[in-house]
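Chain IDs A, B, C and D follow the sequence of writing; residue 1 opens each chain.
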Amino acid sequence: MSYQFEAGRIYRMPTHFGPAPGPRQLPDDVVVDPKRSPRRLSVAASFRTDPAALERHLPEGFTLAGEPVVTVEFHHMTDIDWLAGRGYTMIWVGWPATFTGSRDRATGQFLAVVWENLADPIITGRCEIGHPKLYAEIAEPRRFNGAQMCAAGWMEFRFLELEVSRLQDTAPVRPATASDGTLMLKYVPRTGAWGETDLRQVTLTPSGDPDNHVEQRQTGAGAVRFHKANFSDLPTMHHVVNALAALPVIEPRGGAVTLSRGGKSYRDQRVLL
Amino acid sequence: MSYQFEAGRIYRMPTHFGPAPGPRQLPDDVVVDPKRSPRRLSVAASFRTDPAALERHLPEGFTLAGEPVVTVEFHHMTDIDWLAGRGYTMIWVGWPATFTGSRDRATGQFLAVVWENLADPIITGRCEIGHPKLYAEIAEPRRFNGAQMCAAGWMEFRFLELEVSRLQDTAPVRPATASDGTLMLKYVPRTGAWGETDLRQVTLTPSGDPDNHVEQRQTGAGAVRFHKANFSDLPTMHHVVNALAALPVIEPRGGAVTLSRGGKSYRDQRVLL
Amino acid sequence: MSYQFEAGRIYRMPTHFGPAPGPRQLPDDVVVDPKRSPRRLSVAASFRTDPAALERHLPEGFTLAGEPVVTVEFHHMTDIDWLAGRGYTMIWVGWPATFTGSRDRATGQFLAVVWENLADPIITGRCEIGHPKLYAEIAEPRRFNGAQMCAAGWMEFRFLELEVSRLQDTAPVRPATASDGTLMLKYVPRTGAWGETDLRQVTLTPSGDPDNHVEQRQTGAGAVRFHKANFSDLPTMHHVVNALAALPVIEPRGGAVTLSRGGKSYRDQRVLL
Amino acid sequence: MSYQFEAGRIYRMPTHFGPAPGPRQLPDDVVVDPKRSPRRLSVAASFRTDPAALERHLPEGFTLAGEPVVTVEFHHMTDIDWLAGRGYTMIWVGWPATFTGSRDRATGQFLAVVWENLADPIITGRCEIGHPKLYAEIAEPRRFNGAQMCAAGWMEFRFLELEVSRLQDTAPVRPATASDGTLMLKYVPRTGAWGETDLRQVTLTPSGDPDNHVEQRQTGAGAVRFHKANFSDLPTMHHVVNALAALPVIEPRGGAVTLSRGGKSYRDQRVLL
């Protein structure tokens, strides 16, 4: 007898061995504490760029919202419950946009690309959430010469450097922003009918993460540098890196280093129509 | 102006930077040679198990076909054109099954799970093909004491060992099998409506890979061992490994070491209905 | 003209490119802060064993001092000045011993073996200090199920697990011990005259590290497990791991998790005669 | 009772667990085949440079011999008996020199620096042989666009690229050279007496490696590029890389790709006086 999918349980490929453990579905006997897990060191820097250049990387239904400011954030996470206490790092690249659908309308940060240095959350995030995640080797953020320094690469090619220098203590709170949340595009191509689409949905992470508590925060001068690559350097993502490297840095918009604890599992993620 | 998807081109998340380079879509100026790329060292071992145990891991529409023999294959590939000459290793676990759909019927190897040690082909394979790929650290196959030895782990936990010993040269051809190809289940869960399904399709890689040429082949005694894990060891895939570890090895069915060159890109992958 | 060694400067192989930067010799323009660097998460567990078994691993001139208690410590360090803010982890295995030389006598912790997950400090420590350092893949210590868990392996073989559970807060001070410091044997074999010795010296790290400041400390139940290996698993160090795995755990002696900052460079290391 | 060193056996730190297994001392029950192990893919490129620049990196007693031609070689090795069939890659950088000692005189390749991507042979090579080995992340040599490409880095900083293009088959023999072998300087600094020296010896690997058999050989155009680094990029070896990056490439001298099997253990290494 073949197996049946259990109702109400999340599955991922391969589905043949039962519901899939992950951030949004843990074994019953695993105790989690969303007020403590994860520990997160976030290093972010922003710059104003050319709005026309940004718009070329917005999907249908999206328009820029407010200033064309790109933000790049490294989130070095440890103490992650769903990884049994292990950690990994993610990089978020986004800018503000408004989505206008047939039913829904939302304004927030458009998440253009994510890099992570662990395949497991890449798999869970892409298929469950629609996170546009790719793999990179990501150095643990380091403090040197009074600056917080981050870098990402792939097979010896360092394609991204981010630095926040001249750091000064500030109030340990995340700056308030009027936002509906984070917007992204979940997409799956059609197998066999190459060039066609199986799934294309705008998904939203609503604002608000009440379990996240900022412990320390510093602000400073931010610098972001994407390095142009060729096919030989980055055969699967030179087009992504080069598009970002081509965005002009018209004005740096500062950076921040934030240490926080706790956070949600994105079970509140939803599809916009 | 937001971007438009170009007709006839394969996209993957993130879609915002243009069509996605990968095994089935290379930049125009990249010269490929499917008769030479990749170089592939394949190490395989099989065992007969309990048919009832196997059936519990077959999705709806599938039945066992012939003997309940599980085959585990390590494919260590180098000289991969679409990775600009780099390589990676994949592990295939499968057994023979027949799919009977509303329109199609096919008998072949059911691909239950794949592990790979590089995230890029995991991403391309999962979303374009429906390959049930997970990540593992995979040691390069090594020859020691007259045996070919393979191992896979995740974060210090070695969950799979495979060995082919008492190797003897044999004719450099792949044994012929009457098969329609390799069968798998492409699956994407629905975001927000947790437990529901966005995509569930049986896909088939048709038999035949005319560009693949076997250069050397040896056969011998095969041994496969999956190691039982707990949540703390393998938080995202203990259920997969434990299901395989629970399959009784009723009779070993030998192993083989095959060195070959060339191969197809799976552009012939198609959906069965 | 060949080069001359500069007087008073530390060199390491290769010596041909000038004095070697490292923990005890930094470029003049690099600002260091030994009160802040490194940040160190230490996880330690001890057990009482058979004194006769331990003595078999003490070099000439050494005797056991006090109870035969083996301590295994993981030190996960970040913010290391001499690595420009990067980090690594070291594992120390030792027990108390007295060295009686022709001139000197010292009692302290005998450092039997060290593992580290970065080659650079292995090289500097072995040749400058006499640290008996080997390489291991070392997982970042993780907190799971109320326990602090550590593991080390080599090429998929996990040879050491350490856990401190039932953690309770305690005073943030390092327990005082009457000790002259840490004792080790610096050894270099003679090239060509195989089996002969070029260098064999007892070296001492004196007690006292005034810049190290404990920020948090917890104690709990400790558990240490070395896994027996064969040549195929650990070809260069099965003898080390197996000797430690053979030590009977007669009585666990507890564990501790300590978070501290700052520390010395071991410039105070000296040779005992 | 403390342990005694066994006569005639090679020890390395830590010496407390018995003689040290390694390339020159294997357990009795391990069968080795120096005609088959290792398999070696060697990629080399050379360039003529300024003799005065090279001389500044020759130790006392050495003079340049013949043309000031620097050769950089990547040796990607697999099937290594003393690693139970595993592999690693080494990079050799050298140029021709003559050593004139108080007793001995030898002319050959002066081995200025070696990088390897595995700590175990770094440890054995530095202390047993005097190989000036450092650690690097080294990509497996890849073939792309008709060229063989190699790269090395450290923590995301790619400091060396080597390419041999326009490859043409040539006779599968290693070109004969009149040489006494490979020359290097074994050096150990004195602990505590910082700036003083414990060991400084010229060592020689005699020419001749009768078990090494060339299976394929191609020659082509060679290109070598060292990338200038600062302390933050390469805190322990920027001085080495920058010295090599500063050598002018006056004339490229071609490259070669060689596939071979077998080789000696360097038990014939000896000290020159």
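Operating definition for what follows: a residue touches a chain if its C-beta (ideal position, glycine included) is under 8 Å from a C-beta of that chain, and two chains touch if they have at least 3 such contacts.
Owing to the predicted nature of the structure, the values given are computational and were not obtained by experimental measurement.
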Same-site or different-site touching of subunit A by its copy subunit C, using the half cut: same
Computed distance of Cα centres, subunit C from subunit B, in Å: 43
Centre distance in Å when subunit B and subunit D are each reduced to the mean of their C-alpha atoms: 38
Whole-Å separation of chain centres (CA-atom averages), subunit C against subunit D: 29
Contacts with two or more other chains, residues of subunit B listed in rising order: 84, 86, 139, 144-145, 149, 155, 232
Touch-based graph of the chains, sorted into line, ring, star, complete or other: complete
Subunit D partner contacts - residues on subunit A that touch it in the complex: 137, 139, 144-145, 149, 151-153, 155-158, 232
Residues of subunit D touching subunit B in the complex: 31, 78-79, 84-87, 139-140, 142-145, 149
Subunit D-touching residues of subunit C, taken from the complex the two chains share: 1-5, 7-22, 24-25, 27, 29-30, 55-63, 82-84, 86, 112-113, 118-120, 122-124, 126-135, 155, 185-192, 194-195, 197-199, 201, 203, 231-233, 235-240, 243, 267, 269-271
